[in-house]
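So that you can tell them apart, the chains are marked A, B, C and D in the order they are listed, and the count of residues begins at 1 in each.
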Amino acid sequence: MRFQLTEDQTALRRATRDLLERRFGERERRAAAGGGSLDRALWRTLGDAGFFALCLPERDGGVGLGFPEAVLVFEEAGRALLTGPLIATLRAAGEVPGAASGETVVAAADGWTVEWLAAADVARPDTADAVAVRSVDPLTPLHRVARAARVDPVAVLLTAAEQLGTAVRVCELAVQHARTREQFGRPIGAFQAVQHLCAGLLVRAETARAAVYAAAVTGARTDIAAARLLADEAAVDGARDCLQVHGGMGFTWESEVHLHLKRAWVRAGRGGGGAAAEEALAAALTA
Amino acid sequence: MRFQLTEDQTALRRATRDLLERRFGERERRAAAGGGSLDRALWRTLGDAGFFALCLPERDGGVGLGFPEAVLVFEEAGRALLTGPLIATLRAAGEVPGAASGETVVAAADGWTVEWLAAADVARPDTADAVAVRSVDPLTPLHRVARAARVDPVAVLLTAAEQLGTAVRVCELAVQHARTREQFGRPIGAFQAVQHLCAGLLVRAETARAAVYAAAVTGARTDIAAARLLADEAAVDGARDCLQVHGGMGFTWESEVHLHLKRAWVRAGRGGGGAAAEEALAAALTA
Amino acid sequence: MDLSHTPEDEEFRARLRAWLATALPVLPPPPDPADWPARRARDLGWQRALYDAGYGELHWDASPTTRLIFLEETEAAGAPYVGANFVGLLHAGPTIAAEGTDGQRRRWLPPILRGEEVWCQGFSEPGAGSDLASLRTRARRDGDHYVVDGSKIWTSHAEVADWCELLVRTDPDAPRHRGISWLAMPMDAPGVTVRPLRTLAGSAEFAEVFLDGVRIPVANRVGAENDGWRVTMVTLSFERGTAFVGEVVACRRVLRELAAAARRDGRWDDAVLRRRLGRLNAEFLALWRLTQWNVSEAAAGGGVPGVGGSVFKLRYSHARQDLYDAAADVLGPGALDLDSPWVLDRLSSLSYTIAAGTSQIQRTIVAERMLGLPRGR
Amino acid sequence: MDLSHTPEDEEFRARLRAWLATALPVLPPPPDPADWPARRARDLGWQRALYDAGYGELHWDASPTTRLIFLEETEAAGAPYVGANFVGLLHAGPTIAAEGTDGQRRRWLPPILRGEEVWCQGFSEPGAGSDLASLRTRARRDGDHYVVDGSKIWTSHAEVADWCELLVRTDPDAPRHRGISWLAMPMDAPGVTVRPLRTLAGSAEFAEVFLDGVRIPVANRVGAENDGWRVTMVTLSFERGTAFVGEVVACRRVLRELAAAARRDGRWDDAVLRRRLGRLNAEFLALWRLTQWNVSEAAAGGGVPGVGGSVFKLRYSHARQDLYDAAADVLGPGALDLDSPWVLDRLSSLSYTIAAGTSQIQRTIVAERMLGLPRGR
């Protein structure tokens, strides 16, 4: 048992973070939040980097990696607030021509919503009756469908990885702010009330990390269900506490914090929400 | 609208507290926790003071006061950890001879349990099939019945008042300890983590107080249901946080703190627990 | 313990209710939230209507119980809340009424009550949030004027305000709390620049206000020079005290709307959601009783709410966030749609544990001032 | 990322499992919890059986992954946990192994592993709980002995212990953390008085220990004089690290028992309870994964768990309390009966957020040592 990352996995994570910092940094994120469309050039860059072909077997032209690697990459995507129907396109790789390379952008109904439908080249399954809504997340255009789509456990797992990325990022942001913001003559991070909020952020993120990574390794349904519940909690509650640590400074549109909270809300709604996972985990107790 | 206590009400509360401090102080409480039986002399003293005849009309030989007064008296009883089937005996006053005067001790099934059955002279309703259990609360002998007894809203209200008394008392105990216990060279109450636990104790107690007093004034079912939920929370969570503030010092059998927690658990189980109140309050929203 | 009202108060309620039934139908519809001048005009118009009907000064110049009835009835009837008159009616006005000279009261109070002038609040600064006393906006004396330089943030309604209640540092050498003064600043004074501040809710309710050599007459100072902190505490105790009465009434209405919506779409069968709403009903019923308790205490004690307001604000701000989280549960996927009811309110509820003193600050106030715990540091 | 075990480890698991299947049926039944000598005898007997079968030192002298399997399998098989050997196997033993001289290791470790000697812990004092470094038990040097005066509290198994790992102040003039030493004290030394301490669970797992002129050979000091704080930190990191592995396995079993009980008596139809149990299943599954993560880190990093143990302890101690609160929900009125399953465990779970560093202390450790926030004070 060597649960930690291998050297290759650490390198993959590093490379993904570097790529995203270069190509989807604060400037690009602000532009996107202003109502920009999908950045096709970025999408192709991601395709070239193997982002969408990660789990596709090498014989099919893919990278041939497993869920652990995919989870690391999607954790970074979550951390960077990367936009676009990432999971839908990855899941379409090998089935929809051009998806793996980033030429074709694929949207998919997940639960009651479709993300990035208007920007996509292909939509699956049937999204003919989808209605556009004014999305709470300025970085994620949304449509709503009339019948809930079937839940894809891999999409649930990758969503949990994105939530983990948010959880880790909001912990970093809170700690950075607590270290530098001064009130009452010292950094607010020297106050126990703030210290303990930050400690809670780390505890939730690290617990979620263990659950998400284990689910990637085992691929078991109960592990995935647990991962999603823990990761949703770590992302949503984490973003809330991060906002609390930031005080008014986090309440402006320019701050990164609210984007994490809103994205975490969007992701927590995928797969029809967490209630089904709770029921599945309850049922597993008596299996 | 003058929601605060009248002078008479303040005097009644003061007199009750004085009586209980004199007759059921730390010494008596410790003796009772050691497994003592019901103190009949105290019971008659309570009867003489009008404790059980509080709400009985004057024409029936009672004190002729209302629920607000009863709630104040039972808040003090809760605060003092006063033992015995107080509510059952009060509710029997006027119906069971001797109950009002404290001559007759009356036990009653409430939800799934009967408190003080073996010590009582009269038990109602039918408790023939009641089975003794080893009570978690050393100050409250318990029997269990096979069929849940009908819930008496007045008993629910008075129980909420007792819970309020616990909530207020554990706040006092936590603050006292935080002021005097020193660690790291100063009173632990100077640490924000402890300060904020104590603040939470007060907030819950004061919110519960408003709910309980209002329920006593209106006697409305929704007010009583709300009062029980808020008071249960204030008592149970309050005792837990008080224990946390006390650290190891609260974990000894000699400490008063655990007795409040255990009694709060016993009371939270009366009337079959709080789920029914939640359902009633939900139903009231659509009425 | 008595929750009933006097016959006079009940008569007041009946009269008010009757008047609302005639006044509300002729009120113009709410304008586009982004159209500030139109919002100002509507809010001032409503205040003028209240004034003409004799209800103009109920926000501060009435018994607490009468004010409670006023807020209860106006909210229940769906009347607009104070809107652009917020600071004037609930902060600056009460402060001037309590601390101003006769001349100041005559100059500033009638236009607030008649819906003629809008006030905004210039307290927080980028570097002075929770630690308000660290504010740095500087006022130098120059004859019978102060010359003010600095900047303020989280100033609501600044674009349409006529006046700003401004905290400035008049003595930089004094201990932090001792060198602050309270000034009434005309917003059209040269050197005042307003920049709208977009919040995470997407709206621009707030602004930053930059002050560059702004000249303010010394006569505009309320309270003594360098005594502004005490004056401010009067204002803040109002903010934390009974300023939320109407909101509690509104939250209880939202809760009934949530239950109705859940019943309509079948979510009511979900016991987890249903019991959560039941528990929230208990919560807001208790908050309403706590409001009545505080109002009753204020009525008995002289009108200015005490630190007890911190208890209410702590509980309420978290309950409000819980309420809108429950709303998201009722909405399901609709919670992601800004056009769904309650979604914008959910976003703005996020500020409740931060604005007007974070929950962390409030807990410390409760611990040190109400419970007498030793001062942390 | 790999959760599979090596063939050697899996072979170890199979052997252990087979041995447990033969060893457990012949184990004497648990004695009355109040009968301390009988409990000591049974716990030591079990340790002896483990030793004889070659599993005696798995608590510290094995790879972390092997130890994980050992704890997993013994708990799953329903074998006794360390019991009276707790301090020897998990605190004092590992400390002596890491910090003791060869002679000290030879003297004290084999009797622990063979189930011959019981250790207890003399750390906390009535005036030194969370602030352990403020301890006042005084050791004066007298030739080749220390003479110790003071008192200790929360000493588990003291009545039946042979040795006590004792923290004493050897230099009262040094800064708090610099004047402490770690001594092995024989419990039968003259001047040692043990008084049982009844807890809120009604049991007497703990005791107070009074020390009156107790003479302890200087040779019994582990680590340098006045270096006891560092030595102690080694011990505490064990306590906060992987000491809970078996308990997590046990909690997951309790959760399945709760679900089975709820199914039997119809409470399973209550969606609120059912989903609560489902969420707890996620919680303890995650805690199990976190345990595996920590063990894997320890295996890679050299064995002594780091401050990461604080993350686990924080989450776990609250989860354990939530678990037993859920058990109370499953039990309904049975939760008030001390003879119901889980009720005594619920009571003892209350200590988890207090013992071995309160949750408040742990959060500060996480904030300052893991997140690098400035030191509060």
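Keep this in mind: a contact is a pair of C-beta atoms (placed from the backbone, for glycine too) under 8 Å apart; a residue touches a chain by one contact, two chains touch by 3 or more.
These numbers come from a predicted model, not from an experiment.
S.K.: Give me the chains shared as neighbours by chain C and chain D.
M.R.: A, B
S.K.: Which one of the chains is farthest from chain D, going by Cα centres?
M.R.: C
S.K.: When the C-alpha atoms of chain A and chain D are each averaged to a single point, how far apart are the two points in Å?
M.R.: Using C-alpha averages as centres, the distance is 38 Å.
S.K.: List the centre-to-centre spacing of chain A and chain B in whole Å, with centres computed as mean CA coordinates.
M.R.: Inter-chain centre distance comes to 49 Å.
S.K.: Using mean CA coordinates as chain centres, what's the chain A-chain C distance in Å?
M.R.: Here the centre of chain C sits 37 Å away from the centre of chain A.
S.K.: Give me the residues of chain D that touch two or more other chains.
M.R.: Within chain D, residues 270, 272, 275, 360, 363-364, 376-377 contact more than one other chain.
S.K.: Give the residues of chain B that touch two or more other chains, as numbers and ranges in rising order.
M.R.: 191-194, 196, 275
S.K.: Looking only at which chains touch which, which shape fits best: line, ring, star, complete or other?
M.R.: Topology of touching chains reads as complete, every chain touching all others.
S.K.: Which of the residues in chain D end up touching chain C in this complex?
M.R.: 270-272, 275, 377
S.K.: In the complex, go through chain A and note every residue touching chain C.
M.R.: For this pair, the touching residues of chain A are 111-113, 133-138, 142, 144, 182-185, 188, 191-194, 240, 243-244, 247-255, 257-258, 261, 265-266, 269, 273, 275.
S.K.: Inside the complex, what are the residues of chain C that reach chain B?
M.R.: So the residues of chain C in touch with chain B come to 1-6, 9, 65, 68, 255-256, 258-260, 263, 268, 274-275, 277-279, 281-283, 285-287, 289-290, 292-293, 295-297, 299-300, 308, 311, 314-315, 360, 362-364, 366-368, 370-377.
S.K.: Residue numbers of chain B touching chain A in their complex, please.
M.R.: Checking each residue of chain B against chain A gives 191-193, 196.
S.K.: Which part of chain B faces chain C closely enough to touch in the complex?
M.R.: Residue list for chain B touching chain C: 1-6, 9, 68, 171, 175, 178-179, 186-187, 189-192, 194-196, 198-200, 202-203, 206-211, 213-214, 216-218, 222-223, 225-227, 229-230, 275, 277-286.
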